[in-house]
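Common to both upcoming complexes is subunit A, partnered first by subunit B, then by subunit C.
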Partner chain A sequence: MFKINNQITRNQYMFIIQNSIIGVGILSLASGVCKVAKQSGWISVLVAGIYPIYICIVAALIYRNTNYNEFLETNKRIWGKFLAYIFTIFFFINFIFFSSFVLSGFANVLVFTTTKFLSPHTIIVITVILTYFTINYGLTNIGRLSELLFYLTILILIIPFYFINKGHITNLLPLFDDVSSIFKAVPETFFAYSGVEISLLIIPYVTDFKKVLSSGVIGSLITIFIYTLTVLLTINYCGHILTSKLQYPLLYLVAGADLPVLSNFEPLFIFLWGNKIFQTLAVGGYGLSYTLSKIIKKSYNRCCLYSCLIIMFVSSMLVPEHTRTMVIDKVEPYLVGFILVYSTLTLILSYFKGGKTFEKN
Partner chain B sequence: MMEKLTKDIFSNLEFITSTIPSNFNFIKREIDLNNKTCFVLFISGIADKNLVEEYILKPLLNSNIKAKNQDIIDEILKKHLYSSDVSVTNSIPDIALQLISGKSIILIDNCDAAIVCNTTNNNYRQIEESTSEKSVYGIRESFTENLELNLTILQRKVKNPNLKLEKYIIGEKFKSELVLVYIDGVIDPQVLTNIKARISNLKIPAAISSGVLEQFLDMRTYNIFPLSKSTERPDKVIFDLLEGKAAIFLSETPSALILPATFFEFFQGFEDYSERTITANFSRLMRFIAIITVMVLEPIYLVLLIYNPELFPYKLMSVIISSRQNIPLPPLLEILAMDVAVEILREGGLRLPNPIGTTLAIVGGIVIGDAATKANLVSPATLFIVAITVISTFIIPNYQMALTIRFIRFPMIILGQMFGFFGLLIGFYFLLIHLTKLESFGIAYFSPIVPSRFKDLLDAFIRAPLKEALKEPKSLKPSQKSPKN
Partner chain C sequence: MKKISLVLLFMLIFTSCYGKPSIERTSVIAGIGHDIDKDKTLSSSFEFIVFKSQNVVDKSVVTTKGKSIFEMFNKRLLITKRRHLPGTVRTLLISEERGKFGISDIIDAFLRDQERNLNTTVAVSKQRTEEILKLNAKDSNTMAEEIEDLIKSSYEANFTQRDTNIKDFFNMYYQEGRHIMLPYIEKYKDTVKLSGIAVFKKDKLIFTIPEEDTKYINLLRNEKAQGYLTFFDENSKSIDLFCNSRRNVKVDINDNKITYNIYLLIYSSVKEANIDDAQELTKDKLIELEEKYSNELTKQLQEIADKYQNKYGTDIFDVQKYAVAKLGRDKIDFIEENFINSNIKISAKIKILSPGRIIR
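Let's turn to the complex of A and B:
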């Protein structure tokens, strides 16, 4: 059994939040929002950014009101033992779906692009092994990796910037054609913004609670900025009609360059983005193992193994891409709804049940 | 077994002899001190015979000792011995240890203590210029096998009263002296405690070189990254001591071990600080490009050839296809064959005398490369990729790290062959997992990037102006919490 360390710094918390959100969604986000909001799709992405910001603020406030006890302990004192376990099971299910959506999506994208010769199931198995190695040492290691991989995010951002002069501004006009469609497109972003729920679990492990709220918000803002910018540049380059018809508009964008050594940016982008996906999966895997260890009361290490097997099994069921998209469309609104209702109610109750109830054991 | 000396000189002599290996060069010189039997013991060769004769035998034989019993030792120490480094002991194991360290022992009848006199033979190699770590601007001195001389070189240059030297005796099968050097007040107390604890708990059969010691200090047996740096150059040691690190000197070893070490400092050349900021940054950038080249150029070339030829631009593709015509070997074998040939040449070059070794590497490289392309075993494009990779390995300033980086490309090639781009992704991410997990004596190996210490980044990828770059790195001070922690 490995020694687990869960302590993370405030910076690491910020980078975990930032990393947990960016996933497979970034590739198809533009397509989904353009179908409904057309050229204003990037505004929908910006507006939907309220969701991760809201979750980060609520999570920070809940733990501030409850003296930074662990997730299950806090829930027990707010909701009672029975409901606390029920909610932990809901979180467990949420992380199963989240991790499996990411992993199956990753396998589908790889098979679609640079790794056509491999079966998606092989990719899933190997990625799960890598995820196991990442999560088995606890949150500290995930925090460190997130911190490191943040610098790769900057590179991911630079590639779309190459195309800033290649599109045409008329593709983005008029900015506000139909305001209601902008809001109607918001549910299309749910999957892209999911993952932020990890903040409801990990705040007690931050070494310094001061400014934990702002760290979460900054982490979310970085991702919102990246999402909005990539969608904006994609629409600017492809126009909303083509964007809405493509499965992965961002990949179409990065493949559009003509370079001297590699024919385009696609392999470089897949390389950088793949590392982010491993990290997103690690965050999901951690959430899954953490909640599982609380539910079945087994060691975290053992639960890592179980979690990886669960992710592997569910992800394999979600191949090919149309199956995955269909399941996401059905499940994701309920998951987001649950998280929103749970977090809001927990925050309200935490204000009522203050004081000695939450003194640390 | 008897541990302490008695008043019977012959039984003392017998016990000491029994603890010393029965060597022909163990000298027991009997003299008469005013009708008292006295023995001068030393191991010829380790102890300097001339020093024994000049500083011990000559004054004792010409002396007129008046004191009696135990007082005789006091009188000899105060009036008759010319040596500056003397002490008294009554422990037989200690006497045995001092003898094999080159000291001489004076045993006197009716005294249950012995005089230890430093007569160590200091006939070592003279101070020379380092051949493995050449420098354009730096000093020309390098460490030798003489521990005392190494420490003298260091103390002469670091005129700081806080420079601390702590001596340890290590080794289970045979003993070696280890000296821990640090600047008190500069080194972080937590780091110092970690280093001392590690040295104290060291279970090493024999510390025969700093490389062996380094591996015993690192508890992760299969870790491929060096967690401490070895250097022959005093200026490098001083620079690191000023940054808050410690140095370990081992007897009979011509290099110092600097610890803790972080990943990025293995790519910082010592000359970076002597050159102007812009040119130093250019050199550093070249070094990082070289590292990436060594690790991924061959695997990427392989993946593009086997799985993703569509990613080559059209013009480049036609060049590569024409160069690969009539090549019977698959790309993997082609690359591996050339890589193995180069590694063999390099290893052979290391074992041969310097001028012959260099000639072998150059001539061997040219001959083998030319023959392989003419025989259509290797394409010119592959040869070019392998040559670029090999040349890039020479730019990594630290030999231990260069070895590690060179090794990494082999698993990357195999992963590339098995899984294409996905394999490279797996290899890279696995390296990141490993590197972020590593710690060197309490310091995160990937600092200052993880955990982020933004001010320290001014001397990681880039070399900021010296005013900024030479500030004490905060990442080496784990006990001083960052405000963001």
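Let's turn to the complex of A and C:
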């Protein structure tokens, strides 16, 4: 029915990593970190950037040590058959959460801002249909989409720049009021930085393995830069109290930009940013279908359908924003913690259990 | 192809908007005014545009009373014939009495409601806002637009503050060490004029700065401002300078005593010099004038600063935020309490860049 093609170029890998991290998290990131770290929130965002960089490096090293076999093969080689399936199931659950958080967040933001007359469930259904058609053709399609949408990121970046000289430096000082709170705020950023786990699955499909490590790191660095800059400028303009009160600080900035001709920049921003969400969701859906097809040993296309239904169902349950925030706060630290432990252990073991290449599909 | 067209059809069916009044039944709100009555019931006035026929635009004002902002909104819908869009508000006007009562509910409503515009101008009025909004507008269609124009066009003189937007209003309320300071307007003949600054502490108006001091307070308060300064010599002949001011604040702390050093650097050009005809504005002469007027201005500003510091003990110079940035966020109470005992040192420096078209 659909022709699946999974090969991606190195640049496409970089763009996938960069785009899959930026999702709904960028809108509410400043609020969470300012609540704990006050005016130093942007430093927390910078510090937490270690997470995506670490995952990218570790993923590249694991596959280098094991000769770029597929995810399940590599895991079987390192952990044995039983544990490999357990970890695949864990990644399956991780991607369920990731995709549902993104989709429900997207629906909530749309209902909150531009499409007040729609029910969030309608938005979820329509977005899931789009996601289904996007992921059915395999990773190559997603890679191309990411390449295209990367340039939208630059547009999104321009908006905070409008406020670069509008704030006041006293809002950011003193830089290090309370060092411990900077580290306490790091868990608030986990949702914003999640999505990078896809690199543990897709590296074997990159055509050129030579600079996979640096591509991943560059992709993460771009995202970290965008995150830090938006949070920094938000605090610089609003001050930390107002930032922590707002639900979507970035949207507040966007709505406040006083541009000629346009009465409100917000709908245009939502339109641009919504396209990025479709891409982020496609990455989540791909990870979900990929792991599911490995677990139940069915064709990838069939699994796309199942995974879309799962995403639709789970995200419908997360619809009011406060429910979603509560679930994220509870679930995300465990997911991130588990992935960190898993990747570190796998890296160590991969040095001992290398091997020859298996045949890819 | 069939599938895609089915999907598109499916999306079009679901993405329609219904259950809302059509565009002919909506009206554009230009201004909102908040008042308070004697028995502490709130009162709010809406000024909105009425399209009578082609090219004929009129305005109308509706006032309702109630105990909360949205109770008044409910009552307003019983009177008005059209649906009102709150996203188009140009001016938010708060009367002096309402300011003294407290405006935390207004701040919350404007910040919380997603539909509200974030580029509204905020001002405080001496008279009841109802009275002001009901005046006949001369330059624009509505009074709200006229007040906005009045405030926005006053940047070029009197060193008037530029942070009159509602975003700045929220910032002044929420940032530590700052106070809400808004333009104060009053009825003047059959229109309005800008006549000072209203100073709030937390969410309550505490006093207003009269017109004669406003220029100097603005000069001390604003980071960057523009205006004209006039000096007189012994023969009561005048010299006028057009000035661009830059402010720099340094905070020193010695034995729990805070010293605020305000450095003003004023770049100016001579606009009128009605001094002795024989005198040529050479370099030496300009330096002499610079020094003379710098000292004069410093003295004048120091007097005003001391007067307001001793009289009200409230930071109207927007300098406490520097102390917060230096001492830390948790010292805010200490800074607020000790403002009245702290030293404010002002040094103004005028630099004349150009004598203008004529040099003698």
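Quick note on the criterion: the second predicted complex is superposed on the first by the 354 of 361 C-alpha atoms of A that agree within 3 Å, B and C clash if a C-alpha of one lies under 4 Å from a C-alpha of the other, contacts with A are read in each partner's own complex, and residues count from 1 in each chain.
One rule holds for everything that comes next: a residue touches a chain if its C-beta (ideal position, glycine included) is under 8 Å from a C-beta of that chain, and two chains touch if they have at least 3 such contacts.
All of these numbers come straight from a predicted model, not from anything done at the bench.
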For this session: Check the residue A:Asn171 against both partner chains and state whether it touches subunit B (first), subunit C (second), both, or neither.
Result: second
For this session: Using the superposition on chain A described above, determine whether A:Glu332 touches subunit B (first), subunit C (second), both, or neither.
Result: neither
Exercise. Should A:Glu321 be classified as contacting the first partner (subunit B), the second (subunit C), both, or neither?
Worked result: neither
Exercise. Which chain, subunit B or subunit C, is in touch with more residues of subunit A?
Worked result: B
Exercise. If you stack the two complexes on chain A, which partner ends up touching A:Ile126: first (subunit B), second (subunit C), both, or neither?
Worked result: both
Exercise. Which of the two partners, first being subunit B and second being subunit C, lies in contact with A:Thr134: first, second, both, or neither?
Worked result: first
Problem set entry | Which of subunit B and subunit C A:Gln39 touches, first, second, both or neither | second
For this session: For A:Lys245, decide between first (touching subunit B), second (touching subunit C), both and neither.
Result: second
Exercise. Of the two partner chains, subunit B (first) and subunit C (second), which one does A:Glu70 touch, if any: first, second, both, or neither?
Worked result: neither
For this session: Mind working out whether A:Asn264 is in touch with subunit B, subunit C, both or neither, as first, second, both or neither?
Result: both
Seminar exercise, completed: Intersected contact list for subunit A, partners subunit B and subunit C 115, 117-118, 122, 126, 133, 258, 263-264
Problem set entry | Footprint of subunit A on subunit B - complex, ascending | 307-308, 310-314, 316, 419-422, 424-426, 428-430, 432-433, 436-437, 444, 446, 449-452, 482, 484-485
Seminar exercise, completed: subunit A contacts subunit B in the complex at 9-12, 110, 114-118, 122-123, 126, 130, 133-134, 137, 141, 144-145, 147-149, 151, 207-208, 258-264, 266-267, 270-271, 274-275, 278
Exercise. Which positions of subunit C touch subunit A when the two form their complex?
Worked result: 7, 10-11, 14-15, 17-20, 87-88, 111, 114, 117-119, 165, 167, 170-171, 174-176, 223, 321-322, 324-326, 328-330
For this session: Within their complex, state which residues of subunit A touch subunit C.
Result: 38-39, 112-113, 115, 117-118, 122, 125-126, 129, 133, 168-171, 173-174, 177, 237-242, 245, 252, 255-256, 258, 263-264
